[in-house]
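Each of the next two complexes has chain A plus one more chain, namely chain B in the first and chain C in the second.
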Partner chain A sequence: MSDDTIVARRPEALLQRRRAEAAGWLFVSPAVLLFLIFVAGPFVFAIVLAFLKWDLLTQPEFVGLANFEQLFSDPELPQVLWNTFVFAFASIVTHLVFGLLLALGVNNLISRSIGYFARVAIFFPFLISWAAVSLLWKYVLDPTFGYVGQYAAMFGIELPNFLADPAWALPAIIFIDLWHTLGFTFIIMLAGLQTVPSELLEAARTDGATAWQIFWNVTLPLMSPTLFFATIITFIGAFQIFDPIQIITKGGPQGSTTTIIMYLYEKGFQAFDMGYAAAVALLVFVIIMGVTLLQFIGRRRWVHES
Partner chain B sequence: MTTISQARPVPGDDVLVALEKAGRRKARRRTPGGVVVDVVLVVFGVLMISPLVWLIVQSLTVPEFAFASPPSWLPLPFTLENFADVFDYMPFFQQFANSLLLAAISTAGSLIFSVLAAYAFARIDFRGSRFLLVLMLSALMVPAQLVIIPIFIMMRQVGLVDTLASLWLPALINVFQIFFLSQYFKTIPRELDEAARIDGAGHLWILFRMLVPLSAPAIAALAILGFEASWNGYFGPLIFLSSPENMTLPLGLVTLQNGFGAAPAVVVFAAITMVVLPLLVVFLAFQRQIVESVASTGLKG
Partner chain C sequence: MHKRMKGLAKAAAGVAAAALLMTGCTPGGDGGGGATGSPDSGELSFVYMGDADQQKAFNALFAEFNKEYPDIKLKAVGIPSGNWATFSTTVATRLAGGQKIDIIQVATEGQRLFASKGILEDLAPYIEQDQDVVDDYWADINPNLQKFNEEFASGPDGETVFIPGGFNTMAMYLNKPVFEKAGVAIPEDGNWTWDEFVAAGKQIKEKTGAYLTGAGSGYFVDVMPWLTTNGASTFNADWSEPTYNSDAAVESAEFARSLVEMGLAPKPGGQFDGNTAFKQGKLATLNGGRWPVLGIRDMEMVDQTVVVNWPTQTENGSPVGWDAWNITKNSENKQAAWTFIKFLMSQEAGEYFAQIGGTIVPARESVANSAAFTDNAPEGTVRLSEAMSFATPIPSIDQGAEAQKAIEEAWATIVAGQGEAQKTLDAAQAELESLVGE
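Up next, the complex of A and B:
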């Protein structure tokens, strides 16, 4: 290759490089613009808001760390966080256990029609809006209108008024949430089960392993990435539970179902204390980020990666 | 072209095969344990759908006889009156149209911007692309409720509160879609681009005539889930919308049963049925695609 071809090529290569740069930015620019306006900008704005006192009617006032001081001495906050974590923990356990058992069941079915029926029945509620689900269950669990209480009464059992009883309201919401979103976990588990090679199961079977041994020593370890993923995603979803609580109990009775997002909604959009609501939202962000990072670290220790 | 489709690992394919296999597997002995599993699953399935059956039955029953004890599982005496009454209490078709419009604009709009951005991240080597992608991905950890406060204030400033635009504008950016699509584009061999480029194709041709058609399953999955999330959304409409004629269906349903002039329970049930039944039809018709989208993206609505 002679010298002058290299010289001749260089500006052309440079031009091509510039064109690629321009094309790249051109293609991402609508998304970047929208990202700045509706994600990054509001995020920064929310941090600033947390240092303000603002009811949207009068002028905003800079109050320093007052919102955070108020947050950490808020007498309602411990109960709110407790409710939220109880809900999240119960949600993870019930979804994972039922999701996995049902997926195992459907996976080992012989009958095609039972499989179809079970899949539709388990998954369909997940597609219905929380609004419709909440209204429906408000009646299902009503002691006089609902069939649960009516059947119990026929057998002479008097059930508590689940949604009006401080001891029962949160468990009732946990149950309704399980009915609504179990289909999601079930499908994720069903997908995870397919990653278990059938040769391994066959081999274990011919070696005389019992069904329980196969489940515990083969299926479960190979399912660990799926279980891990399901745990994270269930936690993040459960921690932000809002719709059924706002619709069914409004956080009551006696604050027994006020979760953190319900609390944020009350402060921000009912009391219009924007600065304080932003501080609560930042707390939610920190907790979700913390748990996500924690789980990523834990992943290396608990998850079996093939 | 067969090599292309073979070279392309389709996310969600596993599940599809799995669901088929679950029914197709033949040589399996019928054990007593197997029968127990059958029975348990049928009972569980019946319990799962019982609230929905009860809902539909009550909405078809004459008001004085609905919610009777012991519970009735047949709509007797039968009536369609409750459905007609729905329209006296809520602008159902208007709200249906609002929901449809919102979901359509949000889904189509966000997918267009996501496809463009994903192409740049997957195929064009430009300065700052890595930083940009990481920045956008870190936003996945930001809860929606955090940014909705400032967005609410912004929308108030520009006078968009109580309009559908206040909901679809922020929905046009979807970071997860960008990431998912760029990962998907990367599984399509780059040699195809090179070949097309030699034939004189530009970026837009390569993207819309080649990568987008080849990514149809991924785009369909994102479209289904995006539509579903927007159609069912409650938090956003609750905060932004206030007049009944601007509301979406979920908010309209909730408004129907509280406040002044609340509708009787049977009418609320009729309205819920009018939302749930069409959904069931859509689900039964597109079951495979819907289940696959959930399995392949792992997205909760």
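Up next, the complex of A and C:
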């Protein structure tokens, strides 16, 4: 090949590479654009807002770090964070335990048709909108007309007023959330279970391992990446819980169900304090990022990677 | 820095600049003045609160307006926000987002907030240019309505920024078949006391098993009626100080709780469907202003319902909230907006709106007392209009949504039996004091 040919080909290769790059950018541009508009843009806007005092109706005013200082002196915030962490912790534990148990049960069903039915039945509540689920449970738990109370009364049991009693409202919301979203965790767990190689289970059985030993020493370690994934997404989802609380209790009774996103909404869209609401939003971001990082750091101790 | 990182940094800087630009584009601005447009043409954006049912009536009203003014293109946006605090927030958010709104129909709960922000046009020049029209309107509405509008909904310098429209007071809709079955007489003059109310409830419970009333904690529909009929309120007369833990307020809350304890009201804490219970004869009274009429018509119970005043302990009482119209400072068609407001003030519009199912009491007394309002409505409907003479404007401070939350939460706690009345109202009072002090 002559030198002339090489020189002629170089710009052509460069052009081709640039074309390929441009095509790549074109392919990803819708996603990048959506990311910029709905994620990066609002995120930057939230950071800017956190340094302002703005009521939506009048000109914003620069207040420096005042909104961040308020985070440390706000008397309501500790209770709100406590409610949120309690909800998130309870959500993780209940979703993982019941999701895994259901997945194990369905995975071991002998009848295929019953298995399919069980999958649909367990997943189905997840398809219903939060608005419908919330109203449904408001009816079900109504202390006078709700059927839970009526059936309990038939057996002489007097149930607490779940949604009006500060001691019971948060547990009630945790239960409603579990009923609604367990199907999603269940499907993840089921998918995870089906990735466990059957020859390992068979080998354990041949070696005389009991069902518990197989579960504890084979299934669970191989399920650990799935459990890790479920833990992370359950925490992130739980920490941002809003819809059922807004519809069912509006944060009451006596603030017992006010979670951080509910509080953010109240500060921004009821108290018209957009700057402080943005500071709360950044706090949420920092907490979620921090906890997720901790989970990633801790995964080496218990997640079976091979 | 890597080339791509530089690109990303540039993009982020662009977004930040856009964000900063957005923060500079608030609706408040210096506004005002500028082109006022033609009174007979232009594009108008009118925002009001209304669910799907109410929007049907509004749309019919707008169609009627367009018959007269075909060149004014009216873009009406109904916001089904459920309460006025949420409505105010939604409108504020839309304004902040740069949406052009010419007229906002605001109820009492949001009027002071909008008036105080300096975003509304002074209506004095418009009133002056059509003084005869406005005088005719003032002459036909309850003087209290005009007075309340001046006292509670003026601009920062006392200017008129709202024209008051229809209003709602609170009354009770009695289920005649339930009362008859229980052998309880319906108060002929529409007045009864708390004691008579309880006595009626006990008899109804015993003879029919029906509940006497609901046990809600809505600020307008539950809290204020029990307070005002006992000479109390959440705030003093000029809303400068909360009075939510006064002896009378505590007595009112304890009375509302006692209705649940006596089994005359269902326990709160769920989803009680009052309309269905009313239809099935399981509920003796529905509480409300004009709005329950739509449901009563749907249930075909107009002839089986009577409207009476709220039972009293010391005096007749009711909260009142009213709609009001304004022109925003950034409107580019102020004259057309004024034309629409004049239409809303007219007798024809009032009658038409009342006939087609408006959920408010017409501001014009001539309409409120006419067949347009009282036909196809329960007996005693005029009491809603008459209640304006003894009604108390629903106290609505600038931090209205937060105040409402504190008030309703405290009431809900007491009515659900989760807190002692005095202690709970003391805590709510402290919260309201801190809001007023902000």
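The definition used in the following text is that the second predicted complex is superposed on the first by the 286 of 306 C-alpha atoms of A that agree within 3 Å, B and C clash if a C-alpha of one lies under 4 Å from a C-alpha of the other, contacts with A are read in each partner's own complex, and residues count from 1 in each chain.
Convention: a contact is a pair of C-beta atoms (placed from the backbone, for glycine too) under 8 Å apart; a residue touches a chain by one contact, two chains touch by 3 or more.
Quantities reported herein were computed from a predicted structural model and do not represent experimental measurements.
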Fit-or-clash call for chain B and chain C when the two complexes are aligned on chain A: clash
Partner chain in contact with A:Gly252 - chain B first, chain C second, else both or neither: second
Touching partner for A:Gln59 - first (chain B), second (chain C), both, neither: second
A:Asp243 touches, of chain B and chain C: first, second, both or neither? first
Contacts of A:Ala164 with chain B and chain C, given as first, second, both or neither: second
Which of chain B and chain C A:Phe145 touches, first, second, both or neither: both
Superposition-derived comparison: chain B or chain C, residues of chain A touched: B
Which of chain B and chain C A:Val97 touches, first, second, both or neither: neither
First (chain B), second (chain C), both or neither touched by A:Leu49: both
Chain B versus chain C as contact partner of A:Gln270, first or second or both or neither: second
First (chain B), second (chain C), both or neither touched by A:Val39: first
Chain B region in steric overlap with chain C, selected from 99-107, 153-161, 207-215 or 279-287: 153-161
Contact residues common to both interfaces of chain A (with chain B and with chain C): 40-41, 45, 49, 56, 135, 139, 144-145, 269
Contact set on chain A toward chain B in their complex: 20-21, 23-28, 30-32, 34-35, 38-43, 45-46, 49, 56, 102, 105-112, 114-132, 134-137, 139-140, 144-145, 147, 150-151, 153-154, 179, 181, 184, 187-188, 190-191, 193-195, 211, 229, 233, 237, 240, 242-243, 246-247, 261, 264-265, 268-269, 274, 277-278, 281-282, 284-285, 288-289, 292
Chain A residues touching chain C - in the complex, by the definition given at the top: 36, 40-41, 44-45, 48-49, 52, 54-60, 135, 138-139, 141-146, 161-166, 250-255, 266, 269-272
Touch list for chain C against partner chain A, complex: 11-12, 15-16, 18-20, 22-24, 26-29, 85, 89, 92-93, 95-96, 113-114, 117-119, 266-272, 399, 401-402, 405, 409, 412-413, 416, 418-419
Of all residues in chain B, those that touch chain A in their complex: 12, 14-15, 17-19, 21-25, 28, 30, 33-34, 37-38, 40-42, 44-46, 48-52, 54-55, 67, 69-71, 113-114, 116-117, 119-121, 124-127, 129, 132, 135-136, 139, 141-154, 156, 169-170, 172-173, 175, 178, 203, 228, 231-235, 238-239, 249-251, 253-254, 257, 265, 268-269, 272, 275-276, 279-280, 283-284, 287, 290-291, 294-295, 298, 300-301
